[in-house]
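Okay, so subunit A shows up in both of these, paired with subunit B first and subunit C after.
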Partner chain A sequence: MRAAARRRLTAWALLAPALVLLVGVFVVPSLDLLRLSLAWTDPGRTIHSDFSLANYRNFTTSAHFHRLLWGSVKLTLWVTAGCLLLGYPAAWYMVHARRRVARTVLYAIVVSPLLISVIVRTFGWVVLLANNGVVNWALTVTGAVDKPVRMLGTFGSVTVASIHVLLPFMILPIASGLQDIDPTLARAAQNLGATPAQTFWRVTLPLSMPGVLAGTALVIALGLGLFITPLLVAGPLQPLLALGIYYVTLNQLDFPLGAALSFVLLIFALLVLAAAARALSAVNRSAV
Partner chain B sequence: MRPGRAAVDAVGLAVYAFLLAPLVVVVLASLNAANYLTFPPRGISLRWYRALWESDLWAESFRLSLLVTAIVTPLVLAIGTLAAYALVRFDFRGRGLMRTLVMAPLVMPQIVLGIALLNFFSALGLVNTLTGLTLGHTIVTLPYTVRLVAISVQNLDPALERAAESLGANPWQVFWRVTLPLLRPGVVAGAIFAAIISFGELGVTLLIAGASTTTLPLRIFNYTEYNFDPAINAVSTIFVLLAVVLIAVLDRLIGLVRIG
Partner chain C sequence: MAYGDTVVLHDVDLDVAKGEFLSLLGPSGCGKTTTLNIVAGFLTPLRGTVSLGGRIVTDVPPYRRHAGMVFQSYALFPHMNVFDNVAFGLRVRGTPAAVIAKKVAEVLALVQLQGFAQRPVRALSGGQQQRVAIARALAIDPLVLLMDEPLSNLDAQLRRQMRVELRRLQQQVGITTIFVTHDQEEALTLSDRLVVMNAGRIEQAGTPVELYRRPRTPFVAQFLGHPNFLFGEVVEHGADHVTVRLGADVVRARAEVALERGAPVAVVLRPSSARLSRERPPDAVNAVSGRIGYTVYLGTSAEYEVRLGHAAALRAVEQISTGIPSFRDGEDVVVSWSADDTLVFPGTEASFRGVVA
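For the complex of A and B:
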């Protein structure tokens, strides 16, 4: 009993610095943002801190903000679909690479974006997609188009660049899921007469679902909050909630409204994560 | 080879080309002799690297970024190592909650974290200060550090610590002489991740930094957004090369496969 109490005390002592940091620089600022979102701003820009749902009402009744939210949802859906379609084969290819060197190089390519500032990666897309950029050059030289196509500033360019930024977060969990699958299971299925396609759909894919779900949830949550990439590739007026929050707070200086919009976005992200957690536990249960 | 397998391989390879494309393009563009962004390059030259070297503004940002990284890395490493050890090794009420809390800054939408810190720091007068940047980067890097150190803690055989204890070492000696040396791969990997993420951090920085705290990524952002400077390609190339070196180090330390 005494020993147990001492172990508990030791654990919390070790956690104390992290706890202080997290409470002071994460929990309290978040709660303060929540408080601010419940304040209201009068036309003279003065913030009144008495309780009010004015900002949330502003969000629910404004067609503009609905358009921003829809833009974010649409972008996130496209990005998630893109990451799944590209990420699964890429993870498969990486895990099943025959030579160790090849596997290491592929892992390096997937991990490298995590180590390179998002600004550098996004800037690369600006170089690729600009009117005098690489893609337009290739299109003109091959005669596919006669004059450069405007790509920067479009929804498509935001989607492609965002897929690039978030793809590692999809590939890594899927790869680690595929890695954990016992290879004898697939062989057993084939010995019992399953075709490779059947083996994949009935054995490998279901077993890799935890990784797929984890990656999907992460990509959706991160995708909703992405703002640097859209800002650089498409400018601040692209209809996205994250950019709307940025604009309302930094240009219009309406902090309470920006805070309320932040919470709308946060709630969306949390709902996605909660749904993914439920789906994940359902998958794990059915696997047992 | 079966057609299905060949199709998967083709898609797989295409994805890796896609992942590399913007990075390769930036490196190539940094060697472009022309005055503006153009493709194909008009001749090869290192003039943008020289321009970078001679520019006081870039040097100032470079120094600031290094300074922030140099403060954040040991700070988050100390906090994160202790936390990772406690979260893996000890079983106590509230452990699940603490795990979620430690990882929360990673999944918090970046814009929301940035706005929350901007609002909080403006009340404390910490916007556009070194202290503000340090605190912001510490919270952003903590989840990565804890995760990497935790990998090493999981692989640490508790019997080794018990052996040291039974040979008469006090808890302090056990930690410094046995635990920490055995955790070295994870701790070093955690340090590398913390350093590189702090060095390249922009999501939170964009909101809480200002004119007198223009870090390197923030300056790249400003120049891309407002007045284009071809030296951006040269700075970006430095980021890419740095990542290549660190990836090789990480692979030797704990193996890239386990980082995912």
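For the complex of A and C:
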């Protein structure tokens, strides 16, 4: 009994630093944000802190905000799909490349962007996609188009740049999931008559699902909150909830409404994570 | 066969008869698993051919070879239950569901796992996983069953039990089997034919009795039963025997090759062929005196290390029905044996280094 008590104490002691940090910089500000979201702003921009659901009512009844939320959801779906399609093969090759050097180099290529600021990486896309940018230059020089195509500011450019920014968060969990699969299983499948394609669909892919789900959850959560990348590539008027929050907070100075919209987005992201966690534990239960 | 610049297999020429149980026996790194992987198609030999059921399959990918393999780690698919594991090979061939159900039930009955079809494989014991792995390999009616140290992950008692069962199963199904092991006891009990491999070469192939009774090389002799190697030189060579001086003693041994007088040789004597007594037996052809160094007590038998006069030592095993060893450490004894129970290999003591542990 005393040993159990001591073990519990040790557990708390080990968790304490992280807990203090989490409570201090996430839970407390979030609660403050929640309190702020329940205040209201009059047309003269004075904030009244008496309890009101006006901001949430505003969100649920405003077609504009629905459009912004749908824009965020649509972008996240495209980005997640893009990251899955590009990330899975890359992760597979990263784990299965014959040569050790190839694996190390690939790993470095995947991880190195994380060492560079998102702003710098996004500016790269601005340079590439601008009307006088590299891509348009190449297209005009080769005669593929007569005059530059507008790419910056489009939904497509936001999607492409966001996929680039979030791709490592898809590749790394999938690669670590693939790494955990016993290579003998693929041999066993082939020995039993499964072609390489059958081996992939029936053995490798199902067993890599924990990694796929983890990567998907990460990319969805980060995708819903994407802010800098769409702002730089497409400007503040792109229909995305994160940009809408920025606009009402900093241009309209309606802090309570901004707080309420932030909360909507946070709850959305938490729901996605909860769903992913549920799916993950179901997959793990069937696999383990 | 080579990895990089390291040649791991040289000129391995093997023929396995239909229905035969063949074991590849050797220490780790001898090339036995490589040989198995070449047959399964996971590795391609630099030279030579592999044929299965009369068809040359050297360039055929593993999934079209029809060889069933039982892996050392069993390699069961963790995301499937027992039924789906066993049905896997049939499903990828597009076999109708009704045929699959019948075949799976049949092979599960064969390995005595009726009623386990719906269990997740992680919920099974090591022995049960082993049976599923065998059933899964048999379900595709393979041309040959390949087993890579399948018993090495089981505890000693289960291993003995599975050994008997494996033999029964193989004879019942009548399937050609190649079995890889480093355990001489396993190889001796299971095999119709035994191939001892060393450093990528076949040392000797034959029935278990042939190899045990008449090992052709010191390596085979050493690997099957860890006999004593007593070093001396030839005094006289007869028609089928040779007289050898071992320090102060002169002994007679069976010899099949002609040896010159004075040639250095090793006389090989199994511990179980050496008899111990307090007095020199009157009828003994070979008898040397020594003193018991230490005893390894095994219950039904005792193994003594006997120090001989000339700095050499030999091990002798006594079967003891009473459970009490007849000799004590430090006791003076006479070790005697029949010339028929010995073998002679030419070579100096130094030349046997690396073979004789």
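Structural remarks
Rule of thumb we're sticking to: the second predicted complex is superposed on the first by the 267 of 288 C-alpha atoms of A that agree within 3 Å, B and C clash if a C-alpha of one lies under 4 Å from a C-alpha of the other, contacts with A are read in each partner's own complex, and residues count from 1 in each chain.
The working rule: contacts are C-beta pairs under 8 Å (C-beta built on N, C-alpha and C of every residue); 3 or more make two chains touch, one makes a residue touch a chain.
Remember, predicted model here, so these are calculated numbers, not experimental data.
In the superposed model, A:G124 makes contact with subunit B only, not with subunit C. Which of subunit B and subunit C touches more residues of subunit A: that partner is B.
In the superposed pair of complexes, A:A189 makes contact with subunit C only, with no contact to subunit B. When the two structures are aligned on the shared chain, A:R202 is found in touch with subunit C, with no touch to subunit B.
Contacts of subunit A with subunit B, set against its contacts with subunit C after fitting on chain A, overlap at residues 196.
On the side of subunit A, the complex with subunit C involves touching residues 182, 184-185, 187-196, 198-199, 202-203, 206-207, 286-288. Across the complex, subunit B meets subunit A through its residues 2, 4-5, 8-9, 11-13, 15-16, 18-23, 25-26, 29, 36-40, 78-80, 82-83, 85-87, 89-90, 92-93, 95, 98, 101-102, 104-105, 107-113, 115-120, 123, 135-136, 138-139, 142, 146, 193, 196-197, 199-203, 206-207, 217, 220-221, 224-225, 232-233, 236, 239-240, 242-244, 246-248, 250-251, 256-257, 259-260. Contact residues on subunit A toward subunit B in their complex (touch as defined above): 7-8, 10-12, 14-15, 17-19, 21-22, 25-30, 32-33, 36, 86-87, 89-90, 92-94, 103-104, 106-113, 115-128, 130, 132-134, 137, 164, 167-168, 171-173, 175-176, 179, 196-197, 218, 221-222, 224-228, 231-232, 242, 245-246, 249-250, 255, 258-259, 262-263, 265-266, 269, 273.
Subunit C makes touch with subunit A in their complex at residues 40, 42, 61-69, 71, 73, 75-79, 88-89, 92-93, 120, 122, 136-137, 140.
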